[in-house]
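Same chain, two partners: chain A is paired with chain B first, then with chain C.
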Partner chain A sequence: MPRRIRRMAARLAGPGLAVTYLSLLVLLPLAAVLSSAFSSGPGAFWQAVSQPEAVAALRLTLLCSLAVAAVNSVLGLVIAWMLVRDDFPGIKVVGALIDLPFALPTIVAGLTLLSLYGPNSPFGVNVAGTPAGILLALAFVTLPFAVRSVQPVLAELDRETEEAAATLGASPAGVVRRVVLPSIAPALLAGAGLAFARAVGEFGSVVLISGNLPFHTEVASSWIYSLSQSGDLSAAAAVSVVLVLIALFVLVGIGLVRRRFGVAESV
Partner chain B sequence: MSNFLGSRARVLPSSAVGLLVALFATCAATLPAGAAGGNVALVAYSTPKPAFAALISAFAKTSSGTGVSFSQSYGPSGTQATDVASGLPADVVNFSLSSDMDKVVKAGLVSPSWDSGPTKGMVTDSIVSFVVRKGNPKHITSWADLVKSGVKVITPNPFSSGSAKWNLMAAYGAQLAQGKSQTAATSYLSDLFKHVVAQPSSASNALQTFLSGQGDVLLDYEDDALYAQRQGEPISIVTPPQTILIENPIAVTTKAADPAAAKAFVAFLLTPAGQKIWGQQGYRPVLASVAKQFSFPKPEKLFTIESLGGWTKVNGSFFDPETGKVAKIEAGLGVSTSSG
Partner chain C sequence: MTARSRWPVRVVALSYLALLIVVPVGSVFYRAFAHGFVAAWVAITTPDALHALWLTLVVALIAVPLNTVFGVGVALILARHRFRGAWLLDALIDIPLAVSPVVVGLALVLAYGQTGWFGRPLAAAGITVIYAVPGIVMASAVVSLPYVVRSVLPVLLEIGTDQEEAAATLGAGPAAVFSRVTLPSIRRGLAYGVTLTTARVLGEFGAVVVVSGNITGKTQTMTLFISNSVENLNSTAAYAGAVLLALLALFVLAVMSAEKKERGPRWRSRSDRSQSDSEPHLLLTG
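And then the complex of A and B:
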């Protein structure tokens, strides 16, 4: 009898733990942001998110994040391919370096990018104070997502299928398009989604190199920071809710596309 | 026995949780708690960090400071005030503007009579200065020079930085000090914003941006500029003919764990010895007797925030993110200059 109870308790402990942890870390904070956003009523919410500076910042953030997710998906795939398929001295070191953008405090990343690609750039590349600077910073912090999500799938890829396709007369491009891409597409999209979501909320690495000029290079997270510093916490929460909704929308969209790939695969 | 072995896998997750909890507890323990006996939790805005390092070591050599330990927290003034008001333990608070002190007073953590002392609650003074490239190649000497064609200005974002508010009120008040009308002063602000090429989120980010090579002029606290100069940065400091007197408030909180130590520290900061160290660190001493020992440049006209209506009024009319004058100027410029 006690053993059965113990077993039942053990069986419940796993999911119970997961739900509690998820609630404490994700659901509760998101609910708090949502309730704060509407704390002054729907009119105030609409005013906060339709203000010209907020709209400009949200649009810039959305466009830059989409662009970076797209670019990093392609280049992340190229890097992952190199790590999995190529073999040259030092490749292990390169592999280990990929994750470092995660470890570097974002403000340090911002300072470093500013010194390398700012007005005093040793290569003569100055993107400070421009949207290109924002793209650069976002690309830097989201690259690990793009590489790490496709890399394991590439490593697992059955090379015999590729070889079979090649012997059956498929061109290298055809092999990639017909064999490789369909298998890695779900992982590629997942990586793009993660990169996008991270880019949407990124603050530290962007603010320095962007110049943070309202209507030109001010990203949404920075406008939200300004609102919170001005004591307008419900407006800050309102713009954050829009940011989260944008991320949710894109992630759900990616999920739908992934499912379609899954279906195509099984047919 | 087999039961024990069988349940081992289930036990693992819970022991992992135990480990996590222990980790969190360890992290929490290293935070400044209301420690017993001679500890002062100092919460201040960012710029005086190096000055406090010198002041705390000097305080330790005094009879009242022997054995007093410090936990220190530095950050943007507004953030620090909000954090203290919402529970960050603090025995001594030091902000960049008095409206931040008001937040803490409203939360009941600082006595409303904090500004009744001989220095009216202020521990340091400073002014808004122009930071230019070494040798002043663009010959910037006045506010009018900032809006000449081709001059690029950097000032932090006024909605996120207390320093930016001082800068803009200096710019506005300087116009009034030159005999211009309020309308003309507002339109000067609008012209000035057309020359602003970056609005970093904080004063320190603004300095980094300027030092990276962007812009011709940075509007900055004089003390911050002097600190950068002492660090060997290639800059020159220009004192505008008309500028604002910056006054930085300090107070002991009502929740101080060791009120005697906290009060002794604040008292030391206001002694001639303490004020002299502030002076050496680039701040203008609030004691006239000590200020005399330093040769800080004297602007032709120095005005206070009170002469412009005080922070409460100015925060509402200039810096409300939706209805303030500055928000409207930025929105006007943004709509007319951003094409997409």
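And then the complex of A and C:
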């Protein structure tokens, strides 16, 4: 082999192998989903995503994800505020604890919530088989996004501006509303977006506590799962396409917000 | 924060964390040992439980090294070479984070299942992927794909190429440069990425449940064993399995917080090429 060709082959070998691995695991399978979703034409695709059970599942998923993103944005901000501004013995442990939902397998998270807020709840609170159970599971798995997105921005906030506002007569609420919120708004929005995107596709933590009752507590990922189990793969693929598009849309939106405002990403 | 505003914030933040995270996770430990340590031990050492544990370890032993080699390779390519389409490769790495685990499983079924794209050639070659161990390995590899890349790439960009070039000038070959210079400097980031990858592989449920067929004693991993035990009302086995995985998660948590303490908050400018690296983003799907 001439030397030039050999050198070129060596240079392309790495990227070639990487792209092959990525194609086998990610690109080809996802292309198969797209192709299967439209395998019987756009009419069949539309029918699969517009049948009542699919619409109910998608609607429930979106509503729950929106609600959880909103609730966790507020409580995530409160928690981040405490982690940045407060100090008490054990606050470091609390800070590390925020990442527990990341590290905990989703099925364990689901079982965890079921054990405390299920039929055998020691508090007598049973949300199993209700939309409240779904909200609880989604709140659990998305909390780290909400906290970790605003925390670094809060830490960098210029306290002098806050003090100046307070000196000029602004009330504590006024300082938060006029000084703090505007500077953390992009990070808050990004955190809510990440939480939403995660919630939309969530399965493991929801499946045990929701009970998967059709039209009542069946989320989109559960519906896709039950379609795939009953062998209706192209309908499952059609709903999957919708779900992936929603998540991608939100993630691209977050990217744009971050670029526009130069939000530092959290660690 | 003034003393007056401190207490309401503490009460709200700590009670939310307690009700959502601390008490539920604590209660799993309590329930696992509610009938004594022996009952939990018996439930987790039945043949089916041991098989699930063994299969989980086998899957991790295949998927984690594969993703480690791929991750370091891709990080090196993205950090050290300029080529057309680099941005595309960089973006594609994160796709598994945007896709629901159930969809990942479905995608593998549609590509490698009996009626899938490659079903016929695979069957002709006598290879079963779906409802078998290869499918579980693939599903685990997909969902944990980005972690090593995203942990190693920022370190590679930060250390630059000065030392590597110096070593090459002094006569070291590419292999020697990698093992003597590059590898030691990315060690911490690599260990972090491998830890996250392993945690994700051991804990994956959604993608695995779709491709595995969930056959007890055959294609059942630890997470599937837990969900099956819940369905069969064998709560001691479910909680004991959950405790096992939760202990693992606590270890991962310790690694995560040690890593954070070590490097501190890291800020990235807009021009930073590694901007897409951040943990919330990194850990998107479950």
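Note that the second predicted complex is superposed on the first by the 211 of 267 C-alpha atoms of A that agree within 3 Å, B and C clash if a C-alpha of one lies under 4 Å from a C-alpha of the other, contacts with A are read in each partner's own complex, and residues count from 1 in each chain.
Quick note on the criterion: a contact is a pair of C-beta atoms (placed from the backbone, for glycine too) under 8 Å apart; a residue touches a chain by one contact, two chains touch by 3 or more.
Everything numeric in this text was worked out from a predicted model, so none of it was measured.
Counted by residues of chain A touched, the larger count belongs to C, out of chain B and chain C. In the superposition on chain A, A:Pro214 makes contact with chain B only, while chain C stays out of contact range. In the superposed model, A:Glu162 lies in contact with neither chain B nor chain C. In the superposed pair of complexes, A:Val19 makes contact with chain C only, with no contact to chain B.
Judged by the touch definition given at the top, the superposed model places A:Ala56 against chain B, while chain C stays out of reach.
Overlaid on A, the two complexes show chain B and chain C touching the same residues of chain A, namely 14, 17, 111, 114-115, 207-208, 225.
The residues of chain B lying in touch with chain A in their complex are 3, 7, 10, 13-14, 17, 76, 78-79, 82, 103, 157, 159-161, 196-201, 205, 208-209, 212-214, 319-322, 327, 330-331, 333-335, 337-338.
Partner chain B is touched in their complex by these residues of chain A: 3, 6-7, 10, 13-14, 17, 47, 51-53, 56, 111, 114-115, 118-120, 128-129, 207-208, 211-216, 218, 222, 225-227, 229-232, 235.
Note for the complex: chain C touches chain A at residues 1-2, 5-6, 9-10, 12-14, 16-17, 20-25, 27-28, 31, 66, 70, 73-74, 76-77, 81, 83, 89, 92-93, 95-96, 98-112, 115-117, 138, 141-142, 145, 199, 202-206, 209-210, 223, 226-227, 230, 238-239, 242, 245-246, 249-250, 252-254, 256-257, 260, 263, 265-270, 275, 277-281, 283-286. Here chain A touches chain C in the complex through residues 11, 14-15, 17-19, 21-22, 25-30, 32-33, 35-36, 75, 78-79, 81-82, 85-86, 88, 94-109, 111-117, 122, 136, 139-141, 143-145, 148-149, 152, 155, 172, 191, 194, 197-198, 200-205, 207-208, 220-221, 224-225, 228, 233, 236-237, 240, 243-244, 247-248, 251, 258-259, 262, 264-267, going by the rule given at the top.
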